[in-house]
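Okay, handing you the structure first.
Residue numbering begins at 1 within each chain, and the chains themselves are lettered A, B, C, D and E in the order written.
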Amino acid sequence: QEKIGKEELLVLPGEVGRAGGRLVVSLRGEPKTLNPLIAADARSREVIGVMQADLVHINRATQQTEPALAKSWKISPDGLSYTIVLRRGLKFSDGQPLDADDVLFTFRVYLDENVHAPQRDLLMVGGKPITVRKVDEHTVVFQLAKTYGVGERLFDGLAILPRHLLEKRYEEGKLGQIGSLATAADQWAGLGPFRLKEYVAGQRLVLERNPYYWKSDAQGGRLPYLDELVFLFVPNADAQVLKFQSGETDMISQVGAENFSVLSKQQHGYTMVDAGPGLEYNFLFFNLNDSIEKTSPDIQRKQKWFREVNFRQAVSAAVDREAIVRLVYQGRGAALWGLVAPGNRRWGNEKLPHPARSLDRARTLLKEAGFSWSNGPDGGSTLLDSDGKSVEFSILTSSTNADRAKMAALIQDDLKQLGMRVQVVPLESRSLLDRVTQSRDYDACIMGIASYDADANSDISVWLSSGGLHLWSPSQAHPATSWEAEIDRLIEEQMSARTFEQRKKLYDRAQEILAENQPMIFLASPNILAGAKNSIGNFHPAVLEPYVLWNVEQLYLKNGMENATR
Amino acid sequence: MRYLLRRLSHALFLLAGVSILAFLFTALAPGTYFDEMRLNPQIAPETVTALRAQYGFDKPLPVRYASWLRSVIHGEMGFSFAYNGPVAPLLLVRARNTLLLTITATLLAWGIALPLGVWSADRLGRLPDRLLSWATAGLLVIPDLAVALGLLVLAVRSGWFPTGGMASVDFETLSPFNKLRDLALHMILPVTALVLSSLPLLVRHVRAAVADVLNAPFLLAAVGHGIRKRTLLYRYALPAAANPLISLFGFSIGVLLSGSLLIEVVMSWPGLGPLLLEAVLARDLYVVVGGILGSTLFLVGGNLLADLLLYWADPRIRTESGAR
Amino acid sequence: MASVLEIQNLQVSYRSREGILSSALAGVSFDLMPGEIIGVLGESGSGKSTLAVSLVRLLPRNGEIIRGAVHFEGQDLLRATPDELQQIRGRCISLIFQEPSLALHPTLRAGEQVRQVLAAHSAPGKSALNERTRQVFAQLFPEDADRISRSYPHQLSGGQRQRVLIAQAIACGPSVVIADEPTASLDSATQMELLAVFRTLRERMGLAMIFITHNPALLSGFADRVLVLYGGQVVECGPAATVLASPRHPYTKALFQSIPAIFEERGSGRKTKLPVILGDSARSSLPRGGCPFEPRCTERMSVCREREPSLVNLSASHEVSCFKYES
Amino acid sequence: MRFRVSSMKVEASAGSQNMPPLLKVENLVKCYARRSLVGRGEELLALNGVSFTVFPGTTLAVVGESGSGKSTLASCLACLESPTAGNIWFEGKDIVKVEERVRRQLRPQIQLIFQDPASSLNPRWSVLEILLEPLILRRKFTREEMKQCASSLLERVGLSPDFVERPPTELSGGQRQRLAIARALALQPKLLILDEALSALDCSVQAQIANLLRELQSSLGMTYLFITHDLAMAVYLADEIAVMSRGRIVELGSAEQILDQPQHETTRQLLRALPRMTRALPAPEQ
Amino acid sequence: MRVRRTFAKWLVVLGVLHGMVVCAGFFAPYDPVEQDRQSPYLPPMRLHLLDAHGHLHVRPFVYALRLRESSFDQFEEDTTEPHPVKFFLRGARYRLLGFLPLRMHFFGGENTRIYLLGTDAYGRDQFSRLLFGGQVSLFAGLLGAGVTLFIGWSIGAVAGYYGGWRDSLLMRVAELFLALPWLYLLFALRAFLPLAVSPLEAFFLITAVLGAVGWARPARLVRGVVLSAKERDFVRAARGFGASNGYLLRRHILPETSSVLLTQAAILIPQYVLAEMTLSFLGLGVPEPVPSWGNLLSGLQQYSVLVSYWWMYLPALAMVPFFLGYLGLASSFEERGAVYKIESRIWGM
């Protein structure tokens, strides 16, 4: 007890709320586990997010890092070692104290190859795992093999695990088997604002206030305010909306634009908030893979067009992004011309051209590239390539995503005006992924990616030609084109650059190259839409995940009398 | 008795066949559970490959089947990748909820369909019958999901019912009576949706079957003996028309586990629906196979029941089977 | 004494699928006294079954009662409401259908079918019902009552089915039984037993019967009166003894002659052809002017073709419709 | 008992010894087992060791009390039921043991007129269709022939051609019966089993059909198994009469023999109960 | 007779309805895939005869719709100028019956587009889509149901008629078919089908497959009926004439199963039309922008559409007459067989 010393609480600024009450939110289906080591799905991560805490945290509102479990940190001049000082006197939610050994244990587990923790890949910098060293009870040093531009953002989301609960299991090699939802409440602990209370299979997960939580409000009141946080499992988006509308849940996030306008129309006792464009970017890309043995002759024939920059630029010029924003997102979105979504305020390149839709420009580009048109009998014209073959291809979309299916239908109509015959093939998401990343048997595809962090590095596997999300031709051994090589170089360089300005410059350049070559034709980015009952205080949806629960410890019920449920 | 034993052995073969084919089909379908991770920029492809290997995806199908069989013998029914645990407990809890819903709905649907069908057969071609025809045709063209959503909208607008789910958040604190009330209140909408979705089929079959026998001379004879109309319709006409209805009833039993999946999803009913649907899309194979086997059991049971009922209800068939 | 059933000028037609009406009964009138047994004879297709079913308004869909009245205890059955009819059918007037295989429910046990009839008209307790059912069966199946009542119709022999029909008809102790060939598929011994049953019922409860049959011999000593139908019309009607012993109408005479004789002219007549009534039997649908039997009549006169004969009283109760007897 | 029957048979058929029998039934047993899914079975011997022989061109009448197994015998002979034990030789072939394929060949030669003709007529068909069915199945006739055959059959059983378009449900009981007879005759079978085929007909039509049967027998050499309750008709039509009781043939002999010297109690009972009518004399005209 | 007349009546009704669908190009005013991006989710226009000033017009006319002030999805009629409905006018090109290139349309507007059933999310004319959609969906529904019933009847009849091991085997196979995870097979099938397969072809292929897979239910229903039908005396009598099994099944037993079959058909056709929604999910349905009834109805599965755009229900309403038509035809067909049977309204006369 002595050693731990006095509690060093983190005092949060901002509106002071009232303690007590219960908050009910819906989750699109069940989380799968409480164990951060195996959590792979968004829902589990969302739940884990409120039960665990990290050393350094990215503030979802400012998109900047700020101290969390770490009271402070220091970066060595060479940028390779991070010295982190832990807050004193902190306890896990079961009352057990936190010390440097927990941190060491945590990182040992994350980095253990046999555990297959998804976090491991993050912690490989320059191809080598980060090493961790304990200095004293409250100080640890992280050693990187290479400078890393993102720096302390690395620690965001890396939950510090309770060694006292896990160590034995870890030794037995059974880490994967613990932390299931059915775990007894006293068998699980974390450093987050809430701890496990009850789980009803298929129905709900009830969390209760962690009395040992290490944050307080400006008046010294201990956070979180809420006594209970209930996650209801509602597997259907529309049902989530209905549940919110009927007052059975208190907050809603990730609302689709159409549902948002339905909800906005009749706001009884709740407020809908449009937080502006988020970090999701939707794009169309063509199959540019060149591993010969995998691609069919038919696709190889089409790839002749796809490889043509002019062709891609023409497609981009023909796409009516304004219509996409209006018809797909009902205006609650932003047209997109580059990879960095407008929600990412620091990293976007303002200089990127935003050409308006122009079929004329598209035709000119195509003509330059040797395409021509023939007039069909029914009045339509057909685009022919230099061999006289008509230009026909298919676009894959995920059938679970109505928005993208709509985009595809619009693009199909746009391209028809260029004389291209496009088929839209909606595929169930696994089949789609299999085609794009494994069999690579497709022509073109519409996809969307949501960056998890506002930092440029979150999209690294999209940028790098060796990356798995370099979708038009993933996991290349060597960059196939000079511009890809150039992007690779810029991105690698920016990773080890130390100042933001340096990185931004390199990153801007990469964006320009991408915009020029259009391997991805960017379409639009939806706004983050959320809503909450008027009785909920400190409701400030962010454009980063978790959109509404990021400040869950500060959320409170304005009127203590009001029960969250009817 | 011998008959039952024979059917039981058939059922075992069937289960084996279904499980093998289910394995085969799932193997044929593109993608595996771990592919989703490929879209996560934080996870390296190598990790995905390692995970696949860990769960035996690099092994040939027969090997996987054998190890699955072993886990079935242990009562685990395989391993859920998503939940990182054995499948059986996952399925059991939810199967209970699903059965609660579907059994109620099935009983109710038959309870409504029988009198309604008989009633409309009795008025064949007259206005009430025509109106019913319109209603059933309308229900047939509106997708089940739309019906379910419509009911939810009704719940929101009226505030009479909870919008889905199986229990209120404070369920645990309620008195036993209120618990029951709460449950009943939550069941109303999904049960209604299920009943509405199966009603057109049942009503139409009942109507057709009864209309068929209402023409039979033995009914005329029964009228001649002064049998009351109710008795006539229910004791005379219905048993004579029971044949196709019994087969249909067998199906109703057969789909107890699998017939409500989509409606459960929309109604947030914590049954097999959300679990299986997610598992199918996520390729959580063993959960799917477990679900399939569960519903196969019901299917077999339902058909067996239907066969027994058929023999019971139609003595002409019975002697036939006795003779051979 | 007042009649229980009074049939006045009953005309029934069937509508063909083309919508053409063809007459099956062309104005039949007679009375049935309480406790009286009227035997109905007639050629196949002459409208006997039609008469039977139209008395309780059970015509098939395409049958229509054109006109006439059937008074039962002062009430016109042809104008009764469905509910009233239901009360009367089976309890006061019951009908034994001609074809047992069609008239029995295929998937209900014989006992159950009789029990339902009983239940429809009385509401005693369950055990009383079963007891009554057992009694009825015991009456008709002296030997095998239990097995028969537990059998399904298809497990019964033709005669057994027919007896089940009779059981249904007499279960509620009706005052009138209309029996359409109730003994056609019974052996002579059982026939006699059945007739005895009917006779007891008549003695005990004043049962009146309309007894349709093809076997005139059955009627002798059993029926009080005999009614002979031809082509939908009553051609002869009179006391059983008189009609059977000395039929007057040419049709009746010819009919009786067709019966093979075994006791009277044994041996000699064995290889001779049986006498038959020549000509086509059922042309009832054709419009006709004269006597319906005229084309086949061996004693036809010129007047026969010109107009229809009407019933002539030979004696107080014996009527014949033939010009021969018109004075 | 069985001994007696077979010895009687030898006696009775001694006259036609030179011809091979058309039908020979030996020790036929039919047991109806009531099988319920749970309870124990209950057995009923509908035929209990029946043996007899029928020679071509003759008529065997079967009489007996109701429920004595006559119809059961008929359906066993017509291959509609498979007997529990015993043999049936038809033209020297054991139709119980023979393959289904061969049996199908044999079937048209043995025709059964059901006791309840109504249920043996498909209510969805018209009279003409029903009548033509056996002819169509033979596939030997042209349309014209079939039409001709149909109308002559109808005429012979005394049905008016008006009926051909009607469904059987719109016929009277007797008309249906005649339709069934006509249909069975269409194939000119070697053996015709008439299960109370005349009981629903009035005397005159009965006589007409009986004459027809006799005529066909003499012209085509048809063989009849005539099941009836009408002893008069049995005597008139049959060469031999078999009396059945409780699944057994209790007496078998020539018609006269049975009539004059009934041996068995059942026979006597049947004869005693026979309704008699003072015969309508060929009325002396007043 | 009455029954004949109802039969004919339903035949005429269905004939007219199908005629409109077959000649969709003529009756539909617009190309079903043509997007009018300025007017997504436009409510149906009303046909007027009386204008805002109370003048009576001979020709029906419509008012253009415009956004209500301070609203982004509420429309009102712009009553300044009536747009008369023109008949037999030139419009979008189409091919009548698939080959006859024409531009003549039954009706349309001159200066404005007329949306009788409103527009969808892309501003496409729902009315035109409904008519064109029927071409695909009705064909698919009829094809699927036909295949299902054919296979189902054959198998059910064989199982019920022969009984014994054949029955056991076939019914176990039926159970197998009912139990198998077809969804996965369809996933797999989609993966094996080349993407370039003409979407319509793929769809019909799958409908046929679905039809073939769905046989188990009708088979069991039919089997039950056959089990009992084969014991009927008239079947036994026909067997006595040397009828072959095939003949008995076809001529005597098939009619006995007609009521079950027709009922199944009446249910299966709409079911298969709707099944297309599931297929679309797998990428096997009718792909955008080709209209089909399935994708017209799929909008109803979204809450926002359900509550905001009531006219999206109209296609469903418009489909009801088709299915009622089938039902009516089926039941009068049945009644035609039952004319011969006795009294159906047994109570009273």
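Going forward, a residue touches a chain if its C-beta (ideal position, glycine included) is under 8 Å from a C-beta of that chain, and two chains touch if they have at least 3 such contacts.
Not measured: the values here are computed from a predicted model.
Graph distance from chain A to chain B, where chains that touch are one step apart, equals 1. Counted by C-beta pairs in contact, the busier of C-D and A-E is C-D. Once the centre of each chain is set as its mean CA position, chain B and chain E turn out to be 25 Å apart.
Chain centres here are Cα means. That of chain B falls 53 Å from that of chain D. Computed from the mean C-alpha positions, the centre of chain C lies at a distance of 55 Å from the centre of chain E.
Between the Cα centres of chain A and chain D there is a gap of 89 Å. Of all residues in chain C, those touching 2 or more other chains are 17, 60, 85, 99, 101-102, 154-155, listed in ascending order.
Contact with two or more other chains is made by residues 187, 191, 231, 233, 302-303, 307, 341-345, 347 of chain E.
Looking at chain D, one finds that residues 32, 34, 116, 119, 169-170 touch two or more other chains. Of all residues in chain E, only 33, 35, 37, 40, 72-73, 93, 95, 101, 121-122, 187, 190-191, 194-196, 199, 280-283, 287-289, 302-305, 307-308 touch chain A in the complex they form. Across the complex, chain B is touched by residues 6, 163-164, 168, 171-172, 175-176, 178-181, 183-185, 187-188, 191, 217, 220-221, 223-225, 227-228, 231, 259-260, 262-263, 266-267, 270-271, 273-274, 277, 297-298, 300-303, 306-307, 316-317, 319-320, 323-324, 327-328, 331, 334-335, 338, 341-347 of chain E. Of all residues in chain D, those touching chain C in their complex are 32, 34, 42, 44, 63-67, 70-72, 115-116, 118-119, 158-160, 162, 165-166, 169-175, 177-178, 195-196, 199-208, 210-211, 214, 229-233, 235-236, 255-256, 259, 269-283. For chain C in complex with chain D, the touching residues are 14, 16-17, 41-45, 48-50, 60, 62, 98-102, 144, 147, 155-161, 163, 180-181, 184-192, 214-221, 244-247, 253-264, 266-267, 270, 273-277, 280-283, 285. On the side of chain E, the complex with chain D involves touching residues 232-234, 236-244, 247, 252, 255, 337, 340-342.
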